[in-house]
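Dropping the structure in here first, questions after.
By letter and in written order, the chains are A, B, C and D; residue numbering begins at 1 in each of them.
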Amino acid sequence: MSEHKPLGRTGMAARVAQDIPGGWYVNLGIGIPTLVADHVPAEREVIFHSENGILGVGPAPAKHRENPWLINASSQRVSLHPGGSFFDHAMSFAIVRGQHLDLCVLGGFQVAENGDLANWAQSAEAGTGQIGGAMDLAVGAKQVWVVMEHTTKGGEPRLLQRCSYPLTAPRCVTRVYTSLAVLDVAERGFVVRDIIAGLSFEELQARTEAKLHR
Amino acid sequence: MSEHKPLGRTGMAARVAQDIPGGWYVNLGIGIPTLVADHVPAEREVIFHSENGILGVGPAPAKHRENPWLINASSQRVSLHPGGSFFDHAMSFAIVRGQHLDLCVLGGFQVAENGDLANWAQSAEAGTGQIGGAMDLAVGAKQVWVVMEHTTKGGEPRLLQRCSYPLTAPRCVTRVYTSLAVLDVAERGFVVRDIIAGLSFEELQARTEAKLHR
Amino acid sequence: MIDKFVRSMAEAMAGIKDGATVLVAGFGDVGAPNALIEGLIEQGATDLTLVVNSGGRNRVAGAEPSGLTRLVALGRVKKMISSFIRAQSIAGELVRAGKMEGVVIPQGTLAERMRAAGAGIPAFYTPTGAGTLVAEGKESRWYNGRECILEEALGGDVALVEAWTADRWGNLVFRDASRNFNPVVAMAGALTIVQTHHVCDLGQLPANEIVTPGIFVDRVLHVPAGDPRPVA
Amino acid sequence: MIDKFVRSMAEAMAGIKDGATVLVAGFGDVGAPNALIEGLIEQGATDLTLVVNSGGRNRVAGAEPSGLTRLVALGRVKKMISSFIRAQSIAGELVRAGKMEGVVIPQGTLAERMRAAGAGIPAFYTPTGAGTLVAEGKESRWYNGRECILEEALGGDVALVEAWTADRWGNLVFRDASRNFNPVVAMAGALTIVQTHHVCDLGQLPANEIVTPGIFVDRVLHVPAGDPRPVA
């Protein structure tokens, strides 16, 4: 077994941030995705959308400058970039569903090689679940990137031929950032773009159910 | 023939205004309906909606106080009542279609005894016509009152068993104000509420194609 | 004279019936009409259908449960429509025990269904939820190469709203991210009840800045409620 | 740095293709992007589908015809979708002569179809137009005892907008009743081009007062165009 150090939450967030071009409108989901904003250099102007009705979300403010009326979709107190705006939920999801966002970054439980995403429930139990804005974002953003651990804590693969959990949306994911690799979702399936240092393609494949392509 | 003097445009508008209770939200169509606002006493607070995105339309301003950016749906320069608001066309017609208006007052070519209204075209010629906001208002307002001459200039009746012109909306009119009478549209047809002085029920019937009820 | 201000919570809550569908604005505690929810607990209506974005949030150790959670825990809600009902929340446990019906729907669909109700649009197609459990039992068709499902308007007998400032016509403005569901809920309620932090004279709200025109509002109660709770 | 300002009309109009669907805001002359329409005349694109509320207004004796009317009179418009095409207008005459296709639709449906395009809603049911000529060829079904017809989203390749003030992110505010179709058109265009009376630095427009967030806007041209023409 080769020497390799999987990316942690911060490392994954920073890796995603590298790939976001200036000028993009981006929504960041709950969890690791929320951390991405901290790693986009200040001189690169990216406009962050939050589904609770904000464009131009800025970083967490200093404690004495907190505004209790200004939270992001993860319910964290945030600031507003000059040029930011507030609007209602119907408008916020018009922006999402209407394909005006260049990108959303979502957490995931499972991603299938055809781009299916599962990130809101681990079983089909009726009447409970945490859909939030994920289904709208998954169908609405021009690019859907998923960031997650490459496997579950128990070592079960999350990159699958077919999702076993209930879907968030079919065929929506365009790229996956894991603790071990960056993979594009292409016509033929997962195409590996980047692997962390010290891990071979074969070793990555061994931790992945779906077939990987170079 | 008895002595009678049909109401003119101003008389009809004033007659309509009499019946509008304070506190109602009201849209006034193009033509005679627009005149109605001038006859609502200032102490009776009625809120006028204009489909180009205004609630709280006020009277025409003095020439030196005209605001070129503030017109009503008839493209006349108007003023704004304190408490008035501006919004976009989607919101304006959400108000209309969503049945939030208590009343719209529309002009008409023909009204049928089942409440059908024709007010946008005199023939079914494809590709031209003046629908404007009338179809939305006719289906959306809680009450639809039509104000019009009782007959055409040529003496043809406008209160009919069935409209011959293209419909604005079926079964929408709740009351008609004409130069000769006020009529409710009820389950059994036109019910006369009021006739101008000097005209008998029979004389009114003679100028009306549809059967009138007392 | 039009005056939508009411002078007491009892007046604000008058006439809410058992079995009513109640739309509640807010995203977490920000923009949530918490005083009105307390009023509803007090008022007593039961067998409610509650429509609210996050109806089943986690318990926070040491914190007083929200009014919404207490309303649910009191058994007053027979059905909850929400984008977020955690299995471990009080609402989630009632759902799993079969004591309350839970319906989890996408957040954007929730907003659009209420907006549709307010706008007189009885149903619309949306790509959101197509090909998922959300689509079960719904009509679908393809537009521009994407499957879309038919969703119906979701109006309420009652809508509960929190505003920042209101005037006697019921015109409303909101503070920052507390706008969220408030304008949407306001337009979708047959009886729209507002709690407002501030009141002002007619004409003090600039006409270009009014977010919710008073036509959507029936009653306004002045409740200077203070800032939303800190996030747990 | 994001900067949506363009420095010339040529830059504003770049890339508009023959055959494009062009959405034009305005209610009469108020809120109409008249300078951009002049730019479009100059730019030369033809075979256009023009979507505009009142495409066929009466001739006004002695007055210069509007830019819209001249665009139509030049034969550059193959199809007009509008709530208002008078038979005696220049557009109406072209339609009656079979030289332009005219489609007259209800004003609220026009606004809602564009809003739907911007909001990712491919189609919706509405009671407006049911039982009339507007319903011909359209699906219908009954909701709550009323017949409703299915209307589809109406998006544009290009949207032309007039704003009062804009910043470099493309955030817009509008003056009084000139708001009308502008926010709706702005969200429905694949390429949204704005003429603005005033410009300001980023952060000068209060976040609670921005009506059209810049995400809907692609290009902004500063055109201090003066007041709308007096009504004839």
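Quick notes on this one:
The rule is short, and it goes like this: a residue touches a chain if its C-beta (ideal position, glycine included) is under 8 Å from a C-beta of that chain, and two chains touch if they have at least 3 such contacts.
As the structure is a prediction and not an experimental result, all values here were calculated from the model.
Steps from chain B to chain C, taking the shortest chain of touch contacts, total 1.
With centres defined by CA atoms alone, the chain at the far end from chain A is B. Across the two candidate interfaces, B-D and A-D, the one carrying more C-beta contacts is B-D. Comparing each option in B-C, B-D or A-D with A-C by residue number, the pair that reproduces over half of the contacts is B-D. Distance between chain C and chain D, defined via averaged C-alpha coordinates, is recorded as 33 Å. Averaging C-alpha coordinates per chain places the centre of chain B 28 Å away from that of chain D.
Rounded to whole angstrom units, the spacing between the C-alpha centres of chain A and chain B is 55.
Computed centre separation for the pair chain A/chain D is 36 angstrom, with centres defined by C-alpha atoms.
In chain B, the residues that reach two or more other chains under the touch definition are 80, 86-87, 90, 93, 96-97, 139-140.
Residues of chain D in contact with at least two other chains: 112, 115, 119-121, 126-127, 146, 174-176, 179, 207-208, 211. Chain contacts in this assembly follow no simple pattern; the graph is neither a line, a ring, a star nor complete. Here the chains touching each other pair up as A-C, A-D, B-C, B-D, C-D.
Of all the residues in chain D, the ones that touch chain B in their complex are 27-28, 30, 53-54, 56, 83-87, 92, 95-96, 101-112, 114-115, 126-134, 146, 174-184, 211, 227-228, 230-231. Within the complex formed with chain C, the residues of chain A that make contact are 50-54, 67-71, 73, 75-77, 80, 86-90, 92-93, 96-97, 124-136, 139-140, 166-170. Listing the residues of chain C that touch chain D in their complex gives 112, 116, 119-127, 143-144, 146, 148, 152, 173-176, 179, 207-209, 211. Residues 22-23, 25, 45, 47, 49, 55-56, 80, 82-87, 90-91, 93-101, 139-140 of chain A are the ones that touch chain D when the two sit in their complex.
Of all residues in chain D, only 1-2, 115, 117-121, 167-169, 171, 187, 202-203, 205, 207-208, 210, 213-216 touch chain A in the complex they form.
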